[in-house]
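The next part holds the structures, each set out as structure tokens.
Shared between the two complexes below is chain A, which has chain B as its partner in the first and chain C in the second.
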Partner chain A sequence: MHDQLRAAALIFVACLFIAPFSASAQPTADEIVAKANLAAYYAGNDGRASVTMTITDEQGRSRSREFVILRRDQSDGGDQAFYVYFKKPSDVRKMVFLVHKHIDKDDDRWLYLPALDLVKRIAASDKRTSFVGSNFFYEDVSGRSPDDDSHELLETTAKDYVLKHTPKDPASVEFSSYSTWIDQATFMPTKAEYLDKEGRKYRVVEALEIKEIQGHPTVVKSRVQDLAAGSETVSVFEDVSYDLGLKEEIFTERYLRRAPSEVRK
Partner chain B sequence: MKVSGKLVQFSINKPKLVTTVMVVVTLLLGALISMVQVDTDPENMLNEHEAVRVFHHLTKKDFNLYDVVVLGVVNEKNPDGVFNPATLKRVQELTEFSRTLADPNQPEKRVVSRNIIAPGTVDNIEQAGLGQVRFEWLMKEAPTTREGALKIRDNAMANPLLKGTLVSEDGMALCIYLPVTSKDFAYQVRERLLEKIKEFDGEEQFYITGLPVAEDTFGVEMFYQMALSAPLAMLAIFLLMLLFFKKLKMIISPMIVAMVTVICTMGLLIGTGHTLHIMSSMIPIFLMPIAVVDSIHILSEFFDAYQRIGDRRKTLEHVMDHLFMPMLYTSLTSSAGFLSLTLTPIPPVQTFGLFVAVGIMLAWALTILFVPAYVMLLKKESLADFGIRKNKETPSDQAVAKHLDWLKHFTFNHCKLVLTLTVLVILVAGYGISLIRINDNPVNWFTKNHPIRVADQVLNKHFGGTYEAYLVLESAEQELDVTAIADRLVTSINNNAFAEDQQKVSRAALGLLAEVKDSATSPEQFYSQLAQQWEASQDTANDADYETWAQLLDTLSAAKNRGQIFKQPEVLNYIASLQAHIQKTGVVGKSNSVSDVVKKVHQELFAADPQHYRIPDTANGVAQCLISFQNSHKPEDLFHLITPDYTKANIWVQLRSGDNMDMEEVIKDVERFFSEEPPPIAIKHNWAGLTYINVVWQDKMVTGMLESFLSSFVVVYIMMAILFRSPLWGLLAMGPLTVTIAMIYGIIGLVGKDYDMPVAVLSSLTLGLAVDFAIHFLERSRNAYQRAGSWRKALDEMFAEPAQAITRNVVVIAVGFTPLLAAPLVPYKTVGIFLASIMAVSGVATMFILPALITQFENILFKTKQQ
Partner chain C sequence: MSSYSPNQSIGLLLVLLCCVLPQTITAAENGEPDFTIAKLQNSLLDHYNLELAGFIEARTGFRLQNDPYEKDASLAEARLQLDLARDLGWGLAKVKADLGHDLVTDEMIAELREMNLSFSPLDNADVKVGRQVLTWGTGDLLFINDLFPKDWESFFSGRDDEYLKAPSDAVKTSFFFEAANLDLVYVPEFNNSNYIDGSRISYWNNVLGRTAGRDYVFADEERNRVFSDCELAARLYKNIDGMEAALYGYYGFWKTPEGLDPGSMRLIYPRLAAYGASLRGTLLGGIGNLEAGYYDSLDDQGGDNALIRNSEFRFLAGYERELADNLTGGFQYYLEVITNYDEYRAALTPGTPQADEYRHLLTMRLTKLMLNQNLRLSLFAYYSPSDKDTYLRPKAHYKVSDHWAIEAGGNLFAGSDDHTFFGQFDRNTNIYAGARYNF
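What follows is the complex of A and B.
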């Protein structure tokens, strides 16, 4: 009986949320963006992945970085913390990058450089800088705030919503606008194309492979192409798991010099 | 009848046919000129496959480098220099404007927007309060306040990578570096920038320079110059001939010969698929004087003899009989001089030599065939008053005659004095030649007040230098085999001093190592197999052992990455001391290397403390500084200075001067440094960059020209000996030529003019032209001697018609090329001065030295002849 009640209540709550969508067949651009943000960056309450990033330049020369990334959410759509522990190349092993992502203010970022025995805070005023030399930006790793752009639904294809995003502060970014393709079923963004100030497409971010892990659609392979420079970076995510119960204290300065055991495979 | 006679007869008998054929051939060949393909790249002075060019291109590829247009902005009126909001706004506007520059017809020719170095496009690592560092664009937006502008200056000045490169050390100026995908787009970039700059009305000055601009602009202006100078020279020659011969109709023929020669030669050049290069563009200027010389001889003699003989056919036969052999030989020797250029290792010079040689022979054929035909085609009446009639000499005729008469007596009576003076001249010239300085600089091809030259001066005064050379370093360590690698690895593991509780792991590791050592067949296999084995052990280890395995794996990858020498602190410190060393020369204003990046990042990581402006102590420290640097907006900037695999490094050397001798000084200095202070690890070094390439082709040019010059000297002597059927007379013919060359190069040395590309090429012209007069003079002397029986009597004949012809030639050509002196391009001036001097000196040398020598050695010369 208790269970039945609970089920009924759940259905009721679910209906409350689903109702607006079924009422108007088409969600608004802002709604799509909000859901996509959750799908892409807030799966589970925390998560862990081993990442291999391969950067290939215009001439086909490639170099790679291997790191473990731990994530912990304060709340869905709210503040988050990332702990990035480098394993390769061996000369940067144990290097740690820690981010406290804030919704209402600039992020906090720390960098621990073991060879220099130095913990350094990195000002995060501009998130569109390279992530350790790759074609990914910090913003690609931690997510661009939906509030930074105004969104517009361009079209609805068989599979995707296609949106156009225009920055509210054009001077703060290097693009003039970008478009995203968002899967209608999962709300996972599968592609983003950026136009430069002259309106030319110069940057493409794509999810090359998506798998369902612990019930969450998860990008296990993604790629950024810099069309102007002719370079690209492919990230492969392995050993992905969610809801590990990561402790909040891992994401503090104390753990920079001594990595938590969770960074081991 | 001799071949010469047949040819002349043919032309005299069939003047219309000769003329028609000439016109048709000229039109056909002239049509080919429309297919012209221009090549203004001095790099093509070297064969495409030349090692230095191959390496230069490899370097550009390895380090993602482009040729650069330098746009300088200087503000000397504002106390803050360019660092004021108004100027910076314009700088920002220009930067944005330049980003989009591309050739509308060939979009692959463009400014490489991503690699622009400008305040708005470079990243700066800076302190951001609260112990934070930040990567921020040096100038994200143009500042609106004085404070904002000054902050940009201070940030740039605090960054050793930018100071002296982007911002001048006095803070008054800044430079925008615009990389271009193709050097021959540089001129267009300059033009479009100038157009944009016209819109500004600020107090700052804009300057555009850089080798690609100089080279490409030279190419463009060269063509205007050709279109202007060649006709002007033609006009001057025409006017002088008019003065001498008075008869417009007669002097048109040498003009036609010259034009037809130039058109046909250029048509052949272009028709055979050659590009019009800086060198080949000079062909018309070289051909014109040579082409008219023979015609002037004919006209001059015709002029002197016509009224005496009274019949043009007979006069022509008389004149051509005299002149055929000397003209043939002068043409052959001139051709040989130019043909010798094909021996140089420089393709455009080879083409140039070949086609001038062809042109000379063409001019000879035209002179022999067309000039008589032309004379025959004229109406008889129009010749009625042509030539000298005894009592109707004009002042100019009289002046020439009077001078020659004086000369005749002087050389005869004072032959010893003439010869003594000649020896003196040669001695002084020899000293002058010893002073010759071999040097070139494409920027100096423009005259002093040309905007490019001015820009060059201004910017190199303010900055570390706008001339770029790249010193590329790479490991020269030997490859090791599996056994050697394994042994080294064992040693370094044993050196690790593992604690007691780690020994178990290290023993296990060494066990695996021994196994893999035996099975692996290549170093790659050894590394990958061992890594696999160790990683497998690591995966199953407990937390404490995990860490030990990780350390072992680090040791392994350090061994594997032994070739990544530019992470080693001792190597980076070596680079830094090399940079400090070359900086002392004064020519190098600035150099940038990966060492500078590491030091700067290290300093900023440690709160901008100047004490920390140094290379960290470990390779990992270096690697971590560099990965920190890569968190910027443009991480790829690092790879202009180092390859991503750390196996090659590039020192970007900025020189204040593009003079080859200055670059050579730097090269020597680097060699000295490497031999006096050997690097800690075996390192190869090699140069690239346009400034260096210029040195290489100059070297080839100078040695190549010298060799070709010497060989043509020998060839001309052999030809002379054959022509005069006497080695002694051959030697005599070489006399004036030797004196001329000695004198001209002596003067170059004495006045301190650089021996550069145009001067080098002109040496072959000297040879070809200077021998001409001697041939004419000697050939006629012998004929005259035979008729007269003694030199004293032969002199009267010699100093009449032949001497007249030589004198007229000297004056016409020498004066005819003076319009070139007004050219805004220095090589054209040089050609002008040279041609005038060659004609003047070789004329004077012939007229003084030869008669004096013959007078002195009359017995020997004519005795041997009689034998």
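What follows is the complex of A and C.
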């Protein structure tokens, strides 16, 4: 008798949890974007990666950047802190770029210049400007707020959701709209194509390789192509790990002047 | 090192330069040279856990007008900087040194810029001991509470910005608490700024009542008694939800020789205490900052000693923001107020030009990034409506590759009087250019 009751109770509880998911077999565009935002930018409570960027200009000349990036989330989908420690090229070696990303107000940014021991506060610039001279924008690195665009589900392919995003404030961005391909199983965005104001495709951001690391699908190689300028940047992410237990104080002035062991190794 | 001729040292640097050149050349020919700096760097790291970095650089500059007291060349030097660091696990050891030759003064450059050890004796404390560069405060090329040594000669003659900050031989201890953080800097033997003494930049000489240069190099009475000629600097600071607030204190000496010993006719460093505060935070899509300080001239608190600088209030307000794509503008207002101005005026030696009670200064910085941020064009301008003088620092910096960079710029001075802060340097107006290989 007890066993039957327990079984019934379990089924009841299970239904409570499963019901909301099965009821919405086809999620709305906003739901997909919200999940994709979490999958792409909020994996784990914190994370670390060694990044190598190779920038190739329209004449085939290449330059590279090497840095270690640390991230810590206040809450999923909420404020985040980023610590970027440059290793190469030599003229930016040991410089640190610190960002406190805020959802409801301008980000706080600092740059540490080791030769001068100078902690410089930087004005929050247009987020759609180049990150360290590459084809990646600040927004590609730290994420574009889902609230900045209105989203529309265009189609559901065998593997992906295909969405179209239209900016709510068209004057603030250089594109007229963009489309994304989001994996149905993992909600990882795998490709984004941007149309310029004339409706021509001019910029493509792609995940070239995705691996599962500590249970999180992780982009380990990505590429941005500027079709208009003929330049591109490939980023390779190595030594990726999540949930390292990064202390909040790493993202403060103390650790700008004294790089933490998490980035030095 | 007197046997070391300038030609030899320039030659040595040229040889070094030739060592780095093949790296860029052979790369195109698929040939791998036996020796490259990158190989040396890797082997030092693998075998000795030593990180090596640095650069080799040549710079030259000249005056745009004749200066009767100085050479036409304002800058002519080649230098090699080596930066070695070792992670000890419990701490970090660092040595950074410059070697080269200065053809303007015909002296060898052998400068230890850093040699320090940093570690954390407690969870909430950091210590850095030894020669180090120290900076705090909120001004942009204006300093109120940053009373660490500067190198004004380097700044005015077109060396890299890095050289504006001279190192300190200090113990820096930092404590981190929930309520606030505290930095304490102890300098056992006073480190003065490299002031304009006439050896390479002409200046207004109050004793002669005219501009002087190499004909009257102003010697100073060094403060070199360890422990008794010590300096103490402190900063208490906190980041309150993005707003950075700080309180400062300093006890030591004027960093430039603001006194004259009439007996020896040498410049002296009178005692100084300073107190101040600053605020910095986001404001209207940019960064705003406020800073104030009181300089208490302890050897002339009455203000009636004509040979020692009076006490002063200093104040600055600044604002920086992005003006357009890849264009940033920064603007500052700065004020110096001489206290006991009546006493200062009464004590002034007849014939000595009189400073204004209020010195107003405006600055503007424009920075434009172009060509995928590889070209940086910048202009920093100082203008004083009260002194009626100006100082412009235009600069173009181009990163040719990940290793090579070239730079050209100028130091342009103008003023209606010969004795004002920037006006006195008007015969030093110069332009310069340089090339650097970073490794």
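The criterion applied here is as follows: the second predicted complex is superposed on the first by the 241 of 265 C-alpha atoms of A that agree within 3 Å, B and C clash if a C-alpha of one lies under 4 Å from a C-alpha of the other, contacts with A are read in each partner's own complex, and residues count from 1 in each chain.
Keep this in mind: a residue touches a chain if its C-beta (ideal position, glycine included) is under 8 Å from a C-beta of that chain, and two chains touch if they have at least 3 such contacts.
Note that this is a predicted model, so its numbers are computed, not measured.
Model built by superposing both complexes on chain A: chain B and chain C clash. Of the two partner chains placed around the shared chain by superposition, chain B is the only one that A:Q59 touches, whereas chain C remains out of contact.
In the overlay built on the shared chain, the residue A:V132 is in contact with chain B and with chain C. Of the two partner chains, both chain B and chain C are touched by A:R264.
After overlaying the two complexes on the shared chain, residue contacts for A:E253 are found with chain C alone; chain B is out of touch. Residue contacts after overlaying the shared chain place A:L111 against chain B, while chain C stays out of touching range. When the two structures are aligned on the shared chain, A:R93 is found in touch with chain B and with chain C.
After overlaying the two complexes on the shared chain, residue contacts for A:A228 are found with chain B alone; chain C is out of touch. The clashing stretch of chain B relative to chain C, chosen from 96-104, 312-320, 420-428 or 546-554, is 546-554 in the chain A superposition.
Note: residues 57, 61, 63, 88-91, 93, 115-116, 118, 121-123, 125-126, 129-130, 132-134, 231, 264 of chain A belong to the chain B contact set and to the chain C contact set alike, using the contact criterion stated above.
Taken in their complex, chain C has these residues touching chain A: 53-55, 87, 92, 118, 120, 126, 132-136, 138, 161-162, 164-165, 174, 176, 181, 237, 239, 242, 244, 280, 282, 285-287, 289, 320-322, 325-326, 328, 372-374, 399, 401-403, 405, 438-439.
Here chain A touches chain B in the complex through residues 57-59, 61, 63, 88-93, 95, 111, 113-116, 118, 120-123, 125-126, 128-134, 171, 174, 198, 228-229, 231, 261, 264-265, going by the rule given at the top.
Chain contact summary for the complex, chain B toward chain A: residues 61, 64, 99-100, 113-114, 123, 128-136, 140-141, 539, 543, 546, 550, 553-554, 557-558, 561, 567, 602, 605-606, 616, 618-625, 627-628, 630-636, 638-639, 643-645. On the side of chain A, the complex with chain C involves touching residues 55, 57, 61, 63-64, 88-91, 93, 100, 105-106, 108, 115-119, 121-126, 129-130, 132-134, 231, 249, 252-254, 257-258, 264.
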